[in-house]
Amino acid sequence: MTKLSTLAEAVASIPSGAHVALSGFAITRCNMAFAREVIRQGIRRLTVSQCVGAMDADMLAGAGAVERIIYGGGSLDRFGRLNCVNRGIEEGTLVAEEYSSLSLAFRYLAGALGLPFIPIRSLRGSDILKRLQELAPAEIGYVDDPFTGDNWLVLKPLIPDVAVVQVQVADEGGNAWIMGPRWDNEEQVKASKRTIVITEHLVPTEVIRREPERTLIPGFRVSHVVHLPFAAHPTSVYRAYDYDAEHIRHYAEATKTPEGFQKYLDKYVYGVQDHWGYLELVGGLKHLNNLIADPILGY
Amino acid sequence: MKSEPEYTPFELMAVAGARELKDGEIVAVGLGLPVVATFLAKRTHAPHITILFELGVVDPEPIHTGVGLADPRVWYRAKILSSFVDMLGMVLHRGLVDVGFLGGLETDAYGNLNTTLLGDPKGKFRHFVGSGGANDIASSARRTIIIIRHEARKLNEAVSFVTSPGYLRGYGERASAGLQGGPSRVITDKAVFGFDPESKRMRLESIHPGNTVEDVLANLSFQPIVPDAVSTTEPPTAEQVRLIREEIDPERVYAG
Amino acid sequence: MKSEPEYTPFELMAVAGARELKDGEIVAVGLGLPVVATFLAKRTHAPHITILFELGVVDPEPIHTGVGLADPRVWYRAKILSSFVDMLGMVLHRGLVDVGFLGGLETDAYGNLNTTLLGDPKGKFRHFVGSGGANDIASSARRTIIIIRHEARKLNEAVSFVTSPGYLRGYGERASAGLQGGPSRVITDKAVFGFDPESKRMRLESIHPGNTVEDVLANLSFQPIVPDAVSTTEPPTAEQVRLIREEIDPERVYAG
Amino acid sequence: MTKLSTLAEAVASIPSGAHVALSGFAITRCNMAFAREVIRQGIRRLTVSQCVGAMDADMLAGAGAVERIIYGGGSLDRFGRLNCVNRGIEEGTLVAEEYSSLSLAFRYLAGALGLPFIPIRSLRGSDILKRLQELAPAEIGYVDDPFTGDNWLVLKPLIPDVAVVQVQVADEGGNAWIMGPRWDNEEQVKASKRTIVITEHLVPTEVIRREPERTLIPGFRVSHVVHLPFAAHPTSVYRAYDYDAEHIRHYAEATKTPEGFQKYLDKYVYGVQDHWGYLELVGGLKHLNNLIADPILGY
C-alpha cells in the first residue's frame, strides 16, 4: 500500500492545535522543509515536542505556529541559542514545558510501551521539577515503590498526535531506517498516534527485507511518506549531507530580532513556491553539491 | 613568530579534568573541554575509559572538530550508535556511569548548576540552553565534575535556577531528595575545588600556578572553605600539551 | 491415484480463520493453522494485513516450512526483525494489535485458554508449554480468535489452569479484572462459536458442512448456547484450497 | 582490552547459586556448549532465566544444575516439550517461577533501565498470577496510577548475575552484534551485572566501528568473550548454521526418561573432553558442513 505523498499533502493532514513530535536534534535531521511548509500553510497553535530542542522547532516557534513546546532545552550547538524559542519563553508568548533529555525520553517510552506511568530518578530537587509542578501538574505524580517503600517521581506517558521524522531510507509503505544515532526518534514514533516519514532515499521494499534488523520505523505506524531530497537543509543528515554552516550562521543572526526573522521568513519561506524553489534560492545544485556527505566519513 | 606559551589556562583545565578520571571508568560528556579532558585521559593513564554522548554515541574517534553533539564529525568511528534511552536510560539511569562532566552558566557554593535562565524566573529573565542530559547526569552519575570559567558572575552563593542538582543547600539535602553521588570537583581556570564532606560546601583544593588565594577569592561571589594550606595544581606535562595541540584539539576549538 | 478431497477439516478451519480478518489489521500469530489463516487472508481479501511474531518478526514471506517460531525459515524476507519489547511491548501492550490467534491444550465455556498444565496444580499434574506470548495477547489484543480441535477433553466447562484469560467466569468478570477485548471466535474442526454478548458464554455460530448439532455437542464437555437456527459454515472456495495447498502450506505441515 | 577467554575460563567465573540469564529461544541461539561445560564443571544450584524456555535451560535442568527457572514457558518447537524442565516441575525438584513472554521481558527491561518497578496489563485474572502470588510474592506488587486512580500490577526489575549470550559477531572487547530477531537478549544483557559473549565470528574492532548502529551488546558490560564455532549446536544460529534436526530429535527422545537423559549426558557431555571432541562425536566436519547456513536464506 503506497503512502507516498507530497509534502503539501502530508502537512495538510495536520490540523491546527495538533501535538507534533519533531525528529531534529540541534542542527541535525531537523524537519526544515516540513516546518517551512507548515508556515506556508498557516497551521497554528501546535504543540511541538522533542528531547533536545532543534532548528525545526525554533523556526516554527518564531513563525508563531507553536503554542506550547515540550522539550529538554536545546540550542543550535556552537551556532547559537534557539533565539525564537527563547524569545517566546522570555516574552511569555510560548508555553515551555521543560524537562531533561531522559525525562522526556521516558515519557515517550512510556507512551510507546503502553505504560500508565514511568518512574524516574531525574528532576528530583531541581527547579525544573518545581516549574513543572506549577506549569504542568497533571503530567507528574508520586508513587510509593511497593518493594522498598521509597517514594518515586513518576511521569505520564506522552502520546503525540503525529511524529514527523527525517530519515535516510524508507520504502513507500513507510518502513524506514535511521543511520547514525537515533536520540529519541524511535520512542517518538512508537508513542505517537501516527507518523509522517520524510526520506532522502526511497527504496523498494525488497531492500528493506534484505536487512530487516535496521527497520526502526514500521510501515504500519506511518500515514505519509514524503520523498524529498535535502529536506533537512540547512541541517545535516548523516551519510547524506552536511549542515550548511553559512546558512545556519545567517539564521542565527537573523533570529536575533523579530524583524530580522521576519525578513528571513519572507525570503526563504514565503518568497519561494516550494522546496525546489527554496533549494535554488539557497544556492542550487552547485552549492548543495558541496554539502553532500563523503561516503566514508558520513559527513 | 611568537613562541608558544608552555600551556594555556584551558589546557591546564583539561589536564586537571583528565587527572580526575580512572582507568576503566564510564564517562558521560558534553562537548568542549570535557571531551578534551576525557580523550587526554584515554591516551595517557586511562586507555580503557568508555566515553558516552547522550544522544547515542560510544567511544568515537573523531578526526575533525565538530560544532556540537549534533555534528556527525564527533560520531566518527564510534563503537555504538544508539539512543537516549540506551545511553541515559540503560547506562546512566541503570547506575553504570562513573563520572559525568558538566558545565554551565553558573554554579554555586554547593555545586548546583544552572544552564536554564538568568534573572527572575517569575519576572524578567533571559532563557538559555536548558538541561539536555545535564540534569540526568547530575542525578544519576556516581560523581560529577564541573568545569567552568572563574568569573564572579558564574560562581555565586546560590544559582538563580537549579537545572542540575549539586548538594542543593548542603549537608544531607541531596540525600533527602533521593539522590546519591554529587559533584566531586569544580575545575576553573584559576583553581580546583572539592566539597567539604560534612557541609558539602565548596572547598579550595589547589590553585593553578601563577594564581594566588586572593585572585581566586576576588573572582568569586561567595566564600568557599579555604584550608590553611592550599597546594598548587600540578601543571601539564609537555607530552600532555603536545597531545592536546597536535592530536586531540589541533584546531584549538576547545583548549584555546 | 486417489482423488483429492474437496478440502480437509484443517483447511476449512484455516479458511474460517481467514474470514475473521479485515484488511489493514495487525495480527499477532503463533505458528500453525493461524499462520495459514493469516497468509490466506493476506493473499485474498486482506492484502494489507500486518503479521507479527512475538519474538520480533514482522511480515515474513517464508518459502520453506519451519518447525516453530524459533526456525529462521519463518523469518525469511521479514520487513522487521526486532524483539519481544518491540512486538509485545510497543505494538501489543501499546494497544495496536487488532487480532491475536491462540491455540492450546483446552479452552472452556468462557474462552479461557490453558497451555500450562493438565491435572491438579497442587497435586499430580503434567506440565506443558506455558504461556509464551499467549497471555499477553489474550490480555491486550482488541480481540482474540481461538483455534482448537473439537474434542471433549479440549472443550470443558472450566479449564484446569487459566494461562490466557478469556471472559473468566463470564459476564463482567473480564472487565473487572481490568481487561478489555476478549475472544470473539472459537474455531474448531466441527463448528464456529461466538460469545453471548451478555453472559459471555460460548454460543454456537455455524456448523461445518457434514456435521450436525448433535455431533458438535457430543464432542463437547459443556453446554454452549445453541440458537434456534444455526447456519452452516461457508466452505472453502477452490481458489482458497489451491492457495493453501500450492503456495501457503505445500508440505502440508499445518493444514493436513 | 581483550576479554578473550576459553569456554572453561568463562564458565569457571560463575559460582554455584548464581542467577544466569540464557539467550536461547526454543531451538535457536541456545548456549549449548556453555551448558555442557557448566555440567562438566559441576556448577549447581543455578537460577536460570529466559522469556521463552529453550534447550540450554532444559539440558542444565536435566543435569541437576538448576534450582530455579524463571521463564515464560517454552518447548523444543515441533520437536517436543522441554522434558527435563517439565519433569522437574512435575516432580517438584525444580522451582518454576512462570511468567508470560512480555511480563518477563518487562522485568528485564526494568532492570536495564534502572526502574524500581514496571506496570503491566498482562497476567491479570490468570492462574499464572495466582501462582506467582504464592510462589514469588516479593516479585509483584500493586500501585495506584496517580493519573487515573486505576490499580496496576507492577513487577520488580530482574537483575541476573550474568547474561550468557550466543551471538554471530563480536570483537575481543565484547562489542557484539546479533543477527535476526533478538527476542529478550538486549534487555537480558542490559539488566545483568555482567555478560559472557559466546561468538561464532571474532572480528577486529575496526569492523564494529564500521556499522556501529548494529552494536547491541556494549563491550563495557562484558567480562568474557569466548570465540567458539558451532557453540549453539544442535540449535541454530541465524546466518551461521541450521539446527541439527536429527540430533534434537534424539535429544527429545532421550530426555523422556531420566535414564535416557543420563545416557545422553554420559555420551555427549561427560564422554568428551571439550567442545571439539563433542563436534567430532556428533559427526565432525562432514556432518556440520551440511548445517552451514545458505548466505542468502540465512539458514
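To keep things simple, chains are lettered A, B, C and D as they appear, and every chain counts its residues starting from 1.
We take it that a contact is a pair of C-beta atoms (placed from the backbone, for glycine too) under 8 Å apart; a residue touches a chain by one contact, two chains touch by 3 or more.
All figures in this text were calculated on a predicted structure; none of them were measured in a lab.
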Other chains in touch with both chain B and chain C: A, D
Chain pair, A-C or C-D, that carries the greater number of C-beta contacts: C-D
Where chain B and chain D are represented by their mean Cα positions, the distance between them in whole Å: 41
Intercentroid distance (Cα basis), chain D paired with chain C, Å: 29
Residues of chain A touching at least two other chains: 114-115, 121, 150, 180, 213
Shared-contact residues (touching 2 or more other chains) in chain C: 81-82, 85, 89, 93, 140
Touch-based graph of the chains, sorted into line, ring, star, complete or other: other
Which chain pairs touch, all of them: A-B, A-C, A-D, B-D, C-D
Contacting residues of chain C [partner chain D, same complex]: 31, 53-57, 64, 67-73, 75-76, 81-85, 88-89, 92-93, 115-116, 121, 124-136, 139-140, 161-165, 168, 173-174, 177-179
Chain B residues within the chain D interface of the complex: 26, 47-48, 50, 58, 61, 77-82, 85, 89-91, 93-96, 140
Contact footprint of chain C on chain D as seen in their complex: 25-28, 51-54, 71-75, 77-79, 81, 85-86, 89-90, 96, 98-103, 105-106, 109, 120-128, 131, 150-151, 180-187, 235-236, 238, 242-243, 245, 293, 297-299
Parts of chain D lying in touch with chain A, wherever the complex brings them together: 114-119, 121, 138, 141-148, 150, 152, 154, 156, 179-180, 213-214
Touching residues on chain A, where the partner in the complex is chain C: 1, 111-115, 173, 175, 190, 205, 208-209, 212-213, 215, 218-221
